[in-house]
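Chain naming follows the written order as A, B, C, D and E, and within any one chain the residues start at number 1.
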Amino acid sequence: GDEPEEANNDGPIVVGISLPLTGDFSEPGKGVQRGYEAWAKITNDKGGLLGRQIELKILDDQSNADRVVADYEQLIGSDQVDIVVGPFSTRLVVPAARVAQEYGMLFVEPAGAAKEVFEQGFKNLFYAAPAVANDHYNHLAEYLLALPEGQKPTTVAYAAMDDPFAQGTAYGLKDKLEAAGVKTVVNEVYPPNTTDFSSIAAKIATSKADMLVGGSQYQDGVNLIVALQQLNYQPKLAAFSTAPTSPEFAAAIGNKTEGILSPTGYTQDAPYESNKEFVEKYTAQFGSPPEEDEANAYTTGQVVAAAITAAGCADQGECQQKLIDWVRTATVDTVVGPLSWDEAGRPKGAHMIQQWVGGEIKIVLPADAKESDLVYPKPAW
Amino acid sequence: MRSLETVELTKAFGGNLVLDKTTVSFQHGKVNALIGPNGSGKTTFFNCVTGLIRPDSGRISYAGADITRRSPHAIARAGLGRTFQLCRVFPRMTVLDNVLAATRPRGVNLLRGAGGRKETDRARGWLTKLGIEHLAHAEARNLSWGQQKLLELAGVLMSEPETVLLDEPAGGVNPALLDRIGALVRDLNAEGRTFVIVEHNMDLVMSISDHIVVFDRGRPIAEGPPSLIRTDERVLGAYLGA
Amino acid sequence: MPSVSKRLATGIAIVAFAAVALAFPELAPNPYILSVGIVVLNYAVLSTSWNFVGGFTGYISLGHGALAGLGAYGTGLLVTKGGLPSFVALAAGAAIVAAIAIPIGYAALRVRGASFVIVSIALVLVTLLVFQSWASFTGGSRGLNVPRPFPGMLRPEHHRVFFYLFLALLAIALTVWWLIDRSRFGLGLKAIREDEDKAETLGTPTFAYKLVVFVVSAFFTGLAGGLYALWFGDLDPIFQFSILTGSYMVLMALLGGVRNLFGPLVGALIVGSALEYFKVEFGNTPLHLVATGVLLALVVLFMPDGVLPALGALLRRLSPTTETSIREVTAGEVAAIGGEPQHAQSRNG
Amino acid sequence: MPSGALLFQSVILGLLLGGLYALLAAGLTLYFGIMRVVMIAHSAFLILAAYLAWWSHTELGIDPLLSMLVTVPLFFGCGVLLQRLLLARLRAVTLTMMSVLLTFAIAVVIEGLLGYVFSGTQRRIQLGYGSASLELFGGRIAVVKLIAFGLAGVALAALYLVMKKTTFGWALRATIQHRDAAKLVGIDTDRVAGFGFGLGLATAAIGGTALSLDTTIYPSLHWHWIGPLMAIIVVGGLGSVPGAAAAAMVLGLAQSLLQIELGTTWAQTVFYLALFLTLAIRPQGFFGGRLAQRF
Amino acid sequence: MPELELVDVQAGYGRAAPVLRGLSVAVPAGTIVCLVGPNGAGKSTVLKVASGLLAPRAGKILVGGVDVAGQGPQRMLANGVAHVLQGHSVFPEMTVAENVLLGAYTLKDKAVVGDRTEFVKSLFPVVADRWTSLAGLLSGGQQKQVEFARSLMVDPKVVLLDEPSMGLDPKATTTVFEQVVRMRDAGTAVLLVEQNARRALETADLGCVLDLGRVHISGPAAQLVADPQLAELYLGGRPAEPRP
């Protein structure tokens, strides 16, 4: 019996998720898990959706692309969940989305930011965050290129993990700077499982580049920074994707965080009213305020919820197409602001730039959202 | 007619010159023996001839053809079969399979079934002649030392080489059987097989061989029929001992 | 020489398995179970392919994962970059793997025992590095997406088709293994396993034999890898070129029994299902690794020859008739037999 | 063309790395060359030791180096037990082959347990002196790497002396080469083999601690190490501790220098190139060691 | 009381049928007992049982009157029982020196070890000449010489020799037999297995013919050599003609 029994329709809405709770992505993966749990709790406390409670079914894919497919296979084919949402990180999102597609299911995801995600011809995928990887640094690029000649960094070193997202962010910035004639002196790519960064660091350090851009997930960013500290390299500016927004970041690099930049799609003090509720209830539930990954997951939940409420159904079968069609044309208010998507599922917003200032990470760009001024050149680490 | 011969065959291991410009020849259709003190290079000589180790210099020819740099299996196919001094049997095969494995398939036959009726009977025949037929289905590694020695002999005979090189076939074999092995060698020789036997058991050597070559420090020091060798001064000095 | 009863038993077993296998897609309660079935079949084909080398020559390769990976990427790249039709690409891909296997085998088969194992491990790691670094061609760590051979086909149907494809491939691999096993070529290979030099001096061209069987093994491994690529769609170097894959092949073959035609299949059924079970059981923890490891250790320690031989031994102990086919004879008897073999035959009672 | 500064810096890094490789490879050489055991789990124990160092630092706040006071004897014990309880059960004939699988199993179990206890998260010790470094003619030497190098040197020397100069070393080699004969000259073969294994694991404890000072660790990291180490011991000549050390130094340096032109990933292939070359040209290895094809 | 005595010993390998079925031999001190028999009769097995390499399934093993059945080789050596294996048992990847010196593994007294080393070097030239080369690279016979030399490093109460002359050239063979006699004269109990049966029996005091794991016949060595049936079945062809 593949089609869901009627009983389903007043039982709980089962939401199937596979997450990298172990392996490379386990840190952000757990963040995403917290985000989903917060969403389920907050929604259920308000009486659930269509009068049905939300029930999460979470599997661990160990950051393993084979497992992620098997997991969604199991969730959809065997466990007959009503809704599926995405895992963390592009590398897992792409295969997962394909399974959903071939079962004709809606697939909203919190962490498939790289452009590749939207080039697979998915008809069911929507990325629930403000901007795709390549646009994460847009505001920073504008800022730098606007600097007067003397101050503008003239040489830049790039080091990016061979990961669609990580590279996407770094290269997005690289393209813009090179176009404006800023010289690239080092351009290193390293595989995800790299642990020894001393030789990459040696290249960067001896190149004496003004600015450093790291296309990182988490640990690789930390390792690179420590290796650079060992070689006593002091750039005028250093930007890393995702890593610096992670709770453990500061301690991991011996609290020498001052001036480090990072793009983010989310800030706890964002003005949107659903965000106030989120931050406060999340903090109540987990004891600490949410970060980007938690927010992305929560956003995903918000999008799905909106779709379900609008379509008035939540189960496998023809309902899924209704959901997809609705999201395609909708604009959903989320904790990261109003989101809408193009036909490939790209969000149409932009990321902000954060910087560590006085031991805290603060929004510094764009000017209208900033909580503090951008510190340039960055102090020594 | 000359069967197996070497010209200035030389092999040194590190500083140790084991075969020193050895020039010998063994007679076709005869039972030849190769004797000499421990470490005089007999086994090394066999290893070179059968291609298991490459000589440093010199030539090896068999039945007129130069086989110096050929690979062991090519040499075996050319008609030279051998046994090993420290027996080499296929430990986890049965005794029967050990002997069957010695049959030499060619070309398309490769994919044909192994161990046909005829072969099996021939194999058992050899085992019987050597007194280990009753062990046909035992695993070779469980055989006693001497039994393995006999099994190895059965193997090489099964492969029907034109020339058989035996490295100490009597080592550890019961003397009662030795007489039979001696007789067997004689019969096969009568059928036209050539033998080269390395052996320290002088009773056996003297009783079965037509032609004896004596090695000392990798050089032939004497050649000839048993009668001569038995009394040769150098041989007595270097090997037999007065 | 297998006894009649044993033959009968095997026959029945084969028919039974075939029947169940063919009916499985209909019996499977949902597409997920079917996909599990495919994974298990894939394992069966892989370990059977591995057993061409491991079983016959005794060369333990932990590197067959690399060959499977090459098959997968070969097929994938031929489809995406070469624009070949999926199944043409599959054949071509496997052929390429076989071709690549020639130089690899030529280098690797020169060393024996542990050195060979190390080379095989190195093979996996080196291919991983290449496919990770050569991003422009292979897609690097971002992986490679293989277009579906049957576009638009819904997933359950897609699974059904591939289940039968894998089943067919398994059948072919088993047949070839069986042919070699009973052939003189096979006997030569086994001789290599036992004592390579000795086999050589008996006139077996050991190197040629090893190389041939290695290439055959590589070909089937490549096919399995390629078919998997077509079924699965997403290739990621880390998982395509992983030592684990190769080790699973070894584990399964050993568990079943490397000297048996069906050993790897049995092993795959056990391990494959076990892996899935562990995954469901300890989904959120890496305990499935522990379970796998413990299983492997137990096999190595207590069933080094595999399940099937263990069962066989058990049966033999239960039925004393086949006990000790080794007669004991005194020197006297030996002497008596010696002359005329025909007595020997009559004594075989 | 890389700048002189970069070259010099790479040489320093290469040597420091080589030292660590040398120590890790030495342990493998011991099992493999002398005991005929392919110890796939060696690097897993390495990571285990690193985790213990990390744990005692973060949980108990003691310096990772002190953790060796516990881990070294602990690992020695494990080694003895491993050998006595598991490896001793393998048939001598198939020892090499089966040990591959058995130790592989152990490696996987360790990886799994590490993941279970510490999760798959990458860990890194945060040391006060973690980013400290000394200046040397314009090049920089990280203090932690220097410490690791020192540890490696000392451990290697000790190991070498034990194997070559003590009767234990003799007894161990005898035991492996002909167990019955060894028994018959009065060697307690079980005990000796056990100790031999313990010794190997003890080096893993030291190596792991050294490793933990300066790299991130995660449960599956051992796969990343086993390959290069295997290559090193073959190139160095199976069974030769000095050989392994020399090969490690050379390859470590080569890797570090190649990274300048080729980048991290391609540079790692140097190990496997060296491996294949060795087997093609000189299967017995380049620095002594014998009979590679034999076992 | 014999130095070594096996009483009704049953032994075998694994689950297979027994190899020794109730076998008894006694080796008095200062005597050479020679064990002969067809291949597979169980001679080596007897020695393995006596030296503790193989635990008997039943029966007594008395050393100096004390039952030591089931004790391992180490204990046996401590009891004064030494065993030289059949075939090749050098430590192939250790030098001749290491091999020989390991023979004295249990000896603590440096001086004694020194003297013995000199002695065996003088007996077997190859030991001296190849002192530093790996034993595994010696020729078959040279290895046997090294093994025998190794066994001479200790002087036990009981020596078990499994075909010590196999693969040796006539000179070395003579040396070995001389040493066997020397041991006997020094009061050692020697249990000698030989396929070079006639020569062995000529040297031995007592003989014992083994077949299918049982003692077929035993008695004074000289008597056995003379026995024509034995000759035919066990000792080979013609009765010994006195050699020149």
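As a working rule, a contact is a pair of C-beta atoms (placed from the backbone, for glycine too) under 8 Å apart; a residue touches a chain by one contact, two chains touch by 3 or more.
To keep track of the chains, here are their UniProt names: C, D = Branched-chain amino acid transport system permease protein; E = Branched-chain amino acid transport system ATP-binding protein.
Treat the numbers as computed from the prediction; the structure is a model and nothing was measured.
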Partner chains that chain A and chain D have in common: C
From chain B, the most remote chain by mean C-alpha position: A
Contact-richer chain pair (by C-beta pairs counted) among A-C and C-D: C-D
Chain located farthest away, centre of chain C as origin (C-alpha): E
Cα-centroid distance, chain C relative to chain D, in whole angstrom: 31
Cα-centroid distance, chain C relative to chain E, in whole angstrom: 48
Gap in Å, rounded to a whole number, between the CA centres of chain E and chain B: 28
For chain B paired with chain C, centre-to-centre distance based on mean C-alpha positions, whole Å: 39
Overlap residues in chain E, where contacts from two or more other chains coincide: 16, 37-38, 232-234
Overlap residues in chain C, where contacts from two or more other chains coincide: 132-133, 285-286, 328-329, 331, 334-335
Overlap residues in chain A, where contacts from two or more other chains coincide: 21-22, 62, 189, 191, 193
Footprint of chain C on chain B - complex, ascending: 50, 52, 71-74, 76-77, 81-82, 84, 88-93, 97, 100-105, 109-115, 124-125, 128-129, 131, 133-138, 155-156, 159, 174, 176-177, 180
Chain C to chain E touching residues, read off their complex: 324, 328-332, 334-335
Residue numbers on chain B that touch chain E, as the complex places them: 13, 16, 36-39, 43-44, 85-86, 131-132, 135, 142-147, 149-150, 168, 171-179, 200-202, 239-241
Residues of chain D defined as touching chain C within the complex: 32, 36, 38, 86, 89-91, 94, 96-98, 100-102, 104-109, 111-113, 115-116, 120, 219, 223, 226-227, 230-231, 234, 238, 263, 265-266, 268-269, 271-272, 275-276, 279-280, 283, 292-295
Chain C contact footprint on chain E (complex, rising order): 16-17, 37-38, 41, 211-212, 232-234
